[in-house]
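Written below as structure tokens is the structure these notes are about.
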Amino acid sequence: MRRSEPQLFVGGCDLFTRAHVIRWLSLAGSAIEENKDFLTQLDAAIGDAEHGISMARGFKKVVSQLPTMADKDIGSILKGTGMLLISSVGGASGALYGTLFVKAGNEASGKLMLDVSEMATVLKAGLAGIIERGRAQPGEKTMVDALSPYVEAFCRAGKGGASMAEALEQATVAAEQGVKDTIPMVAQKGRASYLAERSVGHQDPGATSMCLILKALAQAVS
Amino acid sequence: MKKLINRPEDVVRQSLEGMAAAHGDILKVHFEPNFVYRADAPVRNKVAIISGGGSGHEPMHGGFVGKGMLDAACPGEIFTSPTPDQMLEATRMVHGGSGVLNIVKNYAGDVMNFEMAAELALSEGLRVANVMIDDDVAVKDSLHTQGRRGVGTTILAEKICGAAADKGYDLKRLADLCRRVGTRGRSMGVALTSCTVPSRGVPTFDLGNSEMEIGIGIHGEPGRERRPLASADAIAETLVLSIVEDAAYERTVRDWDETKGSWVDVEIVSEPFMAGEPVLAFVNGMGGTPSSELYIVYRKVAEICEKKSLRIVRSLVGSYATSLEMQGCSVTLLKMDEETVNLWDAPVRTAALRWGV
Amino acid sequence: MKKLINRPEDVVRQSLEGMAAAHGDILKVHFEPNFVYRADAPVRNKVAIISGGGSGHEPMHGGFVGKGMLDAACPGEIFTSPTPDQMLEATRMVHGGSGVLNIVKNYAGDVMNFEMAAELALSEGLRVANVMIDDDVAVKDSLHTQGRRGVGTTILAEKICGAAADKGYDLKRLADLCRRVGTRGRSMGVALTSCTVPSRGVPTFDLGNSEMEIGIGIHGEPGRERRPLASADAIAETLVLSIVEDAAYERTVRDWDETKGSWVDVEIVSEPFMAGEPVLAFVNGMGGTPSSELYIVYRKVAEICEKKSLRIVRSLVGSYATSLEMQGCSVTLLKMDEETVNLWDAPVRTAALRWGV
Amino acid sequence: MRRSEPQLFVGGCDLFTRAHVIRWLSLAGSAIEENKDFLTQLDAAIGDAEHGISMARGFKKVVSQLPTMADKDIGSILKGTGMLLISSVGGASGALYGTLFVKAGNEASGKLMLDVSEMATVLKAGLAGIIERGRAQPGEKTMVDALSPYVEAFCRAGKGGASMAEALEQATVAAEQGVKDTIPMVAQKGRASYLAERSVGHQDPGATSMCLILKALAQAVS
């Protein structure tokens, strides 16, 4: 039951606007801040006990800069976010999240809104950036294991004609499953890989933070 | 948490401020982005050497900035690799027209951030080479892991390459030397206690009163194995044998190809130690272990090397690559030759390592 | 107890063996009686300098043996002053015909054992002077106590006198210089944790998670006062103010009178610090504190000195006079002048302190 | 009720022979070894937690050398003991006990046995040696507070005609009281003096070890 031109309304459910981006980043910032200790604890088990601290530092910076970015195009907001994360998070996640946002931003360059298929392209560019930078394949117990099924589910839903909100919902479910799937995996990338079999049974911190950020995306349009 | 600090979020900055205040004759500190650099930078017509990594490993790397070693060091947050803007600013500050060698410890974060930094510097027309150090034999597999961590050999490479840069090695030759040192060094560490990340406030791992963690890195990451606490001799033996009996180690690293203008994969191999070889033996403290204990370990390391017919031609004992206030140590053995021995002996003037000047 | 040791009773010996193995170019170790001595001893026509004290304070003093500093160091058992036979043998080994200066930290045991050693050496016709360092302002009273302990200033005196001996100062002039340095230096320390004497196996004192002990010595002795754990800045302030606001300090010391051939009492006075004076600032780690934290303390020390118009002309930051694996630090301020600055800058080549050579 | 010439018998109750000396040192060694942890604990409270360890190290050495000393004169045995303590105990107590035994030995030079008055002279020489070396006066919470009343009581008993055994008994009681008296004292010598008022309430370790050694002396002739 489609109304005449609902997708042209800024803030409508089938178009992702820059206001949505700002809302997303702000929600993501809150989610990271709330889960800071949890993420750090996950990192303590199989890493170096700072993932939450680092991500919170980065997103705090991003959130503080949102007002200065709000009137830019989506590409610029995403690239700006990427640059802020790159220069404030550090570690593997700083480089990876930074690359994700910069590459996604390149794809959204000049755009004031994205439809579902554009959104799919942007997400795919982000995923490709992470994989190029970090060289992790799905199944190696990294943030890719949350992002990759997410992007796949989003594209599948999009192709099936789902709305932006529906596609993001379905993608979020896939990301959540992806995070759970990291638990039995043997880490093969990043710091956790040094633990080899001892990494089994622990949830990957990067996949977890990725899922928090992706969940915020669905929330932002709901 | 018992530490001589103020607010956890100020640890890195205030420690750098203290270094700047104490060592004005050797180094300066730039803030936002943070990096430590030689007081007399840039040195014209010398390849500049930059290293960096998470903080919490002091004196590595800021304590190695100065004549005969590093031109700049980029400290990240505690246990968090630095960000590309730090390396880029440092590169701009210290390059003397002959290119810049980045010495990078092999951690996903360090490698990626230094790669991004190199890309940025290259795009500004600066010549840059990144060489990765991956010497920690506790990590066995290179195919199914991030590869070996960079630990003690990093410092030895920084000293040796620093001297070579002083002697006029060009960027290509210096990068080759650094890679050679990297493939000839092997390390292994042990933790008796956990460290506590200041912003977290609780120990990273719990270790029973009579337990130790063997095969740790320098970030309070758990090691390969938890074992009952053993004597210094038994620990030294475990560490040295892990190093000496380690087989050839192959892996693929990413190098910048200047002609292609892109990253390319290169295969490199570390050959195992062989009887009769001259080595540098380095016993490193993790921050909370006094030097008296390190000498007890060194004593046994020397004994085992002799038994294994490895000739210790140079040695280093002290807390140089630390994990905050962790108790424990690591052992590094580095195959030496005439060139590297001479470079090792060359004058060095840094806050943490100094001789001949 | 978590330590990199073998049997507690072997700690001192095996640590010395490790030092000997690691630093053959700088020092040798004699066993039974134990002492560390310069590899090139005796140095003819130079006053020899000997120090010593309990073990557990490494690198003090063995790490300071070498060109430009000590000719020999006599390590006792852990936290137990050495015995006169050690000093006597060391004296015989290193004296170069121009007499021997013993630098003695003011602890009942050290003083008495060094006095006995001096009596023995004198009876063999060797010229000997003992100079006591008593710089710990945590000890207030000299009349109703053993007097102030010898702590950080000892190392500064060893460096400065070592350079003076190299420059040809005779025994009398060197002893006067040493006394002058001794009366111009003041120290104060804090412990965040207790240390554990290996043969005892349990911490010497219990300190709650949010307590610290202010005014400690270097033997795990309780300090003047237990207080709630404070920030590095607050601790630095307490330590520096204790030093800077310390009034003139008079005491009686025992000197050997060469003409009388007996010990005589001498009155000496330390004058308080005054605005405008040049000082050396020394932040010392107690063994379990990483250098990053020491720099945080140094930062504040420098700030307070500036506020108090004390000009820091030289500095030293590191773990040099330790208490096994204790966490904590001490601050030493030493009034400087042109002579002592030049002597401080002179070349020194020891395992723990080295520059210019 | 005195028997005719009992004081001439080697091993008799009124003469202190070299066999007694050897027995004394052996008993003292055992007492120190048994109380090693206790002494160290006392030293931990107001010192540096090694007094028992140091004393045990020294007396172990002395006891191991007793066989080679047994045929020497009392002076030589005492001086030999002093030299062994000086070179093996270290710290304040090494110098002080060493001086005690050397000075006492000088006084007993060449003697094969000591009568009560000779014994008093020897003990006084030892006490004088400790005071000269350490400059502690009674009341400063040191080993002098055990030894000084001991020597005084011994001399008093001797002058009153007590037998060797009786005089040693009475002296021991005085030493034990002397040790107890150190508890309320403010330390004014040695490491404990740094604690000033905080040293109050603790028993002095050196006075305690002194008392153990002196107790062994009475045991040796009993």
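Chains: A, B, C and D, in written order; residue numbering restarts at 1 for each.
We adopt the following convention: contacts are C-beta pairs under 8 Å (C-beta built on N, C-alpha and C of every residue); 3 or more make two chains touch, one makes a residue touch a chain.
Since the structure is predicted, the reported quantities are computational estimates derived from the model, not experimental observations.
*Asks:* Starting at chain A, figure out the least number of steps needed to reach chain C through touching chains.
*Replies:* So the least number of steps between the two chains is 2.
*Asks:* Touching chain B and chain D alike: which chains?
*Replies:* Under the touch definition, chain B and chain D have C as mutual neighbours.
*Asks:* Just the number, please: Cα centre separation of chain A and chain B in whole Å.
*Replies:* So the centroids are 33 Å from each other.
*Asks:* Can you compute the centre-to-centre distance for chain A and chain D, using the mean CA position of each chain? Integer Å is fine.
*Replies:* Chain centroid spacing, chain A to chain D, equals 79 Å.
*Asks:* Which residues of chain B are in contact with two or more other chains?
*Replies:* Residues: none.
*Asks:* Touching two or more other chains, which residues of chain A qualify?
*Replies:* none
*Asks:* Spell out all pairs of chains that touch, sorted by label.
*Replies:* A-B, B-C, C-D
*Asks:* Quick check: in the complex, which residue numbers of chain C touch chain D?
*Replies:* Listed in rising order, the residues of chain C that touch chain D are 33, 54, 76-85, 107-109, 112-113, 115-116, 138-141, 144-146, 149, 197, 199-200, 204-205, 217, 219-222, 224.
*Asks:* Taking the complex as given, what residues does chain B use to touch chain C?
*Replies:* 2-7, 11, 14-19, 21-23, 55-56, 58-59, 63, 192-193, 209, 212, 229, 231-233, 235, 287-299, 302, 315, 317, 319, 322, 324-325, 327-329, 349, 352, 354-357
*Asks:* Flag every residue of chain D that touches chain C in the complex, lowest number first.
*Replies:* Touching chain C: residues 40, 44-50, 53-54, 57, 86-96, 98-99, 133-134, 186-191, 193-196, 198 of chain D.
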